[in-house]
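Note that the chains take the letters A, B, C and D in the order they are written out, and that residue 1 is the start of every chain.
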Amino acid sequence: MKRETILNAVILLALLMLPVWALFADEPFLITLTTRAVILAIAGIGLNFALGFGGLVSLGHAAFFGLGGYAMGILAYHAQNYTPMMEWPLLIEGTKSMPLIWLVAIVTGALAALVIGALSLRTTGVYFIMITLAFGQMFYYFAISWPAYGGEDGLSIYVRNGFPGLNTMDPIQFFAICYVLLLIVLFGTWRAARSPFGLMLGAARQNPDRVQAVGQVPYRLYLTAFTISGAITGLAGALFADLNRFVSPAMLSWQTSGEIMVFVILGGVGRVFGPVAGAALFILLEHSLGGLSEFWHIYLGAILLGVVLFARGGLYGLIVGREVAHD
Amino acid sequence: MTDPVLDIRGVSKSFGGLKASDQIDLDLRSGEIHALIGPNGAGKSTLIAQIAGALAPDSGEVRFGGRDVTALTTAARARLGLARTFQISCLAMDCTVLQNAMLGALGHRGDVFRFFRPVMRDKDLVARAETALEQVGLQDFRRFRTAELSHGQRRQLEVAVALTLAPKAFVMDEPMAGLGAEGSRQLMTVLDRLRQQAPILLVEHDMDAVFALADRISVLVYGRIIATGSVAEIRNDPAVRSAYLGDEA
Amino acid sequence: MSILLLIEQALNGLQFGVMLFLMAAGLTLIFGVMGLINLAHGSLYMIGAFAAAGVSALTGSFLLALIASLAAAAMAGVFIEMTVIRRLYDRDHLDQVLATFALILIFSEGTRYLFGSFPLFLDKPEWLSGTVMLPLGIEYSLYRLTLIVVGLAVAAGLFWMIARTRVGIRIRAGENDREMIGALGVNISRLYTQVFALGAALAGLAGALIGAIQAVQIGMGEPVLILAFVVIVIGGIGSIKGAFIGAILVGLTDTLGRFLLPQVFALFMDPSEATSVGSSLASMSIYLLMAGVLLFRPKGLFGEA
Amino acid sequence: MKLKSLIVGASLAVLAAGSGWAEGVKVGMITTLSGGGAGLGIDVRDGFMLAIKQSGRSDIEVVIEDDQRKPDIAVQLSDKMIQSEKVDVLTGIIWSNLAMAVVPGAVAQGKFYLSPNAGPSALAGKGCNKNYFNVAWQNDNLHEAAGAYATEAGYKNAFILAPNYPAGKDALTGFKRFFKGDLAGEVYTKLGQTDYAAEIAQIRASGADTVFFFLPGGMGISFLKQYADSGVGLPVVGPAFSFDQGILQAVGDAALGVRNTSQWSKDIDNAANKAFVESFQAEYGRLPSLYASQGFDTANLLISAVEKADVSDADAFRAALEAADFASTRGDFKFGPNHHPVQDIYVREVIKEGDVYTNKIVATGLEDHADAYAGECKM
């Protein structure tokens, strides 16, 4: 318990101090890189809600990530070109306001997860993994071949969306926004993990029969978790698109799903802060290994393999051990 | 005499050609422990599954608290007050003992979909869970991880979880299985007291326990109930002796 | 659209399907016997194709190339089974997915390190080139016809092996009850290695056969892998029969979808627009098929309920 | 092994260039060096670095990074190059979707971008920018030339196919813009598709007299092998991408005789090109590709501008780029008003020289060809 709290604090502090240092050292790229880690951490937290807390191995979370990205892309695209998104039956205009875009991304992610989850949760095990993958692929191919919003070329947004009172093009200010959102999501997730719902969901993961025997329906718990998971991942997608000022079907590809899963595993499945550590570690690896060799994927693969085979529980498992009790 | 709490009428279930349950009639009255015994493969687990709602019978009905629950799910039956313990411990192993007990209390109270208030600070839930743990004698282990409990303690915890559901009837599937003498004795004391709270349908292999606890015994052989009666009646039933106790006597 | 064209397209679908079966059979066997979900199966397909291309360039013999593909993929299979996969049998699916995902990264970049970044050349042999006349006047590629025959022969062989041979009995026993094969005195870990090698060899063979008419390049395995997963999920994981039916279904759906959907849309749309919309839908068709099957049969067509 | 020594060579060149760097220009190259499609990026890089090396200039520093063909990585790298490396000029991107992700942001921040390969229509038309120069082609160009050639060759009824994504649609639109005959069929395939049996059967049944296709990378290899195997035998026309040096060897005999359109070929008869082909082979031990020539030209354009103006004076530097005063491997080379090339596009035929498959020029498809979007560009 103690060590986990310390590690949490260290990671959060490091993520905060690095950009602040970079600001004074005039290394703006380091700020951008940290922002990327923060946003991917939010995506990981989203997946972890389904994967870690609910035991739902989804290989289709790129769908929610990409939908969040497209929610941002499409809204900003229309605002940028002064064309309405829809005129009939009601007039919907694009927007460049971040809070509004986040809301749309969250709702889109949640709705998609609700529908995909409602269908996919009829299956279990490998079937669940594969049907989520299939839904992800459907979105991917749809996005590639749908011409209205750029198809495979994606959508470029020339100026980052706005947040009242801030200059979002300034890396440190955009970082601040993402960091605060990370804190909010972390706090919400941390509370949810300890809530009545979190307790029952955890039981449903470990033993669905037990949950039925106490009069609850696992399916509803899973579906709720999956929906929340989709909402958080959608938010991360919108932020990620805003970071790059660009969205494309690559966000929807199955490799993206795999990578988000890698963050969760590197950090530690089912730990509230696990994905934060995992995403930071991943960015660090990508950055340091990428400079090492053209064939750096080999090293990444080897490290990942090592973690899965020998360091179960990821970074958190390694440092904190298997202590779980949290009351 | 009052209506039985649990009433199984003409329940049949076949798998392929095998009749696992054949026109079974069985009831459970308030205040009693009704033991269900039978050799391996007699169809006890199949019957329990149909009572709890995990399996649907081919024909017949299950009535609980005066209402037909045959079409209801396991969860719905549990909410009506039918508490089940499992043959193989069915607990959230990574949770603490207290949390497992709270699961029952929470499931019974029903307000699961709350996401913000820490459950461990819910005084009402903690109190209900602790009461149940005390009843089975696990109060000193509340902070232990369930996986750390001994086999017998897990059995006790199963019973405690069932208790938190404030049940109208218990269905217990071999609660003594794999317990040592000491464990069995402890659990028997618990069950003995429990029947005042709600009647128990007890499936059990341990004959000493059955004869010590049961008010009535039904004997299931090849999917059929061949006899129902008091301990003395069953001991002396010739059909039971030949079919079941025969190999022991 | 003529009926002959439709028949030819159905043949194309069948050919695509039987090749998918070679991939899917290994996947489903490995899952059925060991309970392992292997994302790196596509890499074994790639290894088969690269080995074939390499040997074909050296010797000029297509048959030797095929043998090399079988051998290389089987050896790679045995190697990863003994070093990595073996540790994953008693893990959950999540660990298996990640570890084999890591293997993909290693294999893909490793192959690129060895063979360079450019696609390799592999061609069908002279004696399988050209076309043949089928009844009804359908002119059809001899090589594709050969693929259909080889694919069906391998499928038949596999069914025979599982139904009749000693190894087959052990495999079936392994699917039903792992403890039982231990009790039968079978060396389980050797059986597992054998099954894995068999699956790998089939994938390698598919890679070589397909490589002769496709691009032999890094990353060629992943699209096929995803299709093969769709196949075994539709068929019911662990069922060879399911894999066969699933493969044919997917092959036909994909091929006929690509062919027919644009024409259906052309009935009420501008042709250029119809091609675009039709082919968009066609690219999603097999995933729709899979989602549809799972909604009605959550364990696939031949999965155990 | 071969690759490895090559990388060392490239980085040595970088070091050599970096050591004497005073007031020169810093170039950020973002290109695809790993995963599928790495061959194209490696060619562009090698061509580019060859030109830098030959120039002997020590005031051009090149930073090379691998985008893994992922748009988000490309954006991240461009942020890094601009914010951290403080480069003046960006270049290197192979794919249109990556260019669309990087270019608008980079030029908005006042950086120059020289495109060695991708030329999406959005950047040629409404989205053109004074700091964006395309040294290769606008995406439609080669397809337009293919259309013009098909018309000239007397084909009346063409079957056309491309993947179902924006570049594929642009390709078919470009072909149709210059093709005067009828269409026997128009098919969009799945991106990354590997089996073309269904499409080939349709071609056979369509009654077409020629086939035009745009299927970049492995898709083209697969299509050509299967097409040759099918015995359909109609003449094929396509853009150079599926017949380039890097992949021709993987297609083999199936490509022989195919006509393809390109703004470059290794047998273009001028001194610059001859020297380029020779020195590239000497340096890297393989024949240069289209992409290598584009990388080489891009670097030479840059060098010509550096010789004339200081990059810190953006207007002067831009004017120097616009002048395009360098010896292009393609012969005449000049920019149109939207900073896209105005150039001849040739028709090549695939031949076999000894054991090596390569191309030779058989005709000129379009002369002094500009793109269709220049009119929409307001700089």
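Everything below uses one rule, namely that a residue touches a chain if its C-beta (ideal position, glycine included) is under 8 Å from a C-beta of that chain, and two chains touch if they have at least 3 such contacts.
For each chain, UniProt lists the protein as follows: A, C = Branched-chain amino acid ABC transporter permease; B = ABC transporter ATP-binding protein; D = ABC transporter substrate-binding protein.
Worth saying up front: this structure is predicted, and the values here are computed from it rather than measured.
By the document's definition of touch, common neighbours of subunit B and subunit D comprise A.
Put simply, the chain closest to the centre of the protein, by Cα centroids, is A. With every chain reduced to the mean of its CA atoms, the largest distance from subunit D is reached by B.
Remark: subunit A and subunit D have CA centroids separated by 36 Å (rounded to whole angstrom). For the pair subunit A and subunit B, the distance between mean C-alpha positions equals 43 Å. A straight line joining the Cα centres of subunit B and subunit C is 49 Å long. Residues of subunit D found to touch two or more other chains are 3, 34-35, 164, 169, 188, 190-191. Among all residues of subunit B, none touch two or more other chains. For subunit C, the set of residues that touch two or more other chains comprises 108-109, 112-113, 276, 279-280, 283.
Of all possible chain pairs, the ones that touch are A-B, A-C, A-D, C-D.
Across the interface of their complex, subunit A is touched by residues 31, 37, 84, 87-88, 93-95, 97-99, 101-106, 108-110, 112-113, 226, 229-230, 233, 237, 276, 279-280, 283-284, 287-288, 290-291, 294-295, 298-300, 303 of subunit C.
Within the complex formed with subunit A, the subunit D residues making contact are 3, 7, 33-35, 65-66, 70-72, 75-76, 79-80, 83-84, 96-97, 100-101, 104-105, 108, 120, 122, 164-167, 169, 188, 190-191. Within the complex, the subunit D residues that touch subunit C are 2-3, 34-36, 38-39, 42, 164, 169, 186-192, 194-195, 197-199, 201-202, 204-205, 217-222, 225-226, 229-231, 246-247, 249-254.
Interface residues of subunit A, counted against subunit B in their complex, comprise 188, 191-192, 194-200, 202-203, 206-207, 209-217, 221, 224, 324-327.
Subunit A meets subunit D in the complex at residues 27-30, 32-33, 36, 141, 144-145, 147, 150-154, 156, 158-159, 171, 240, 243-246, 248, 250-251, 290, 294-297.
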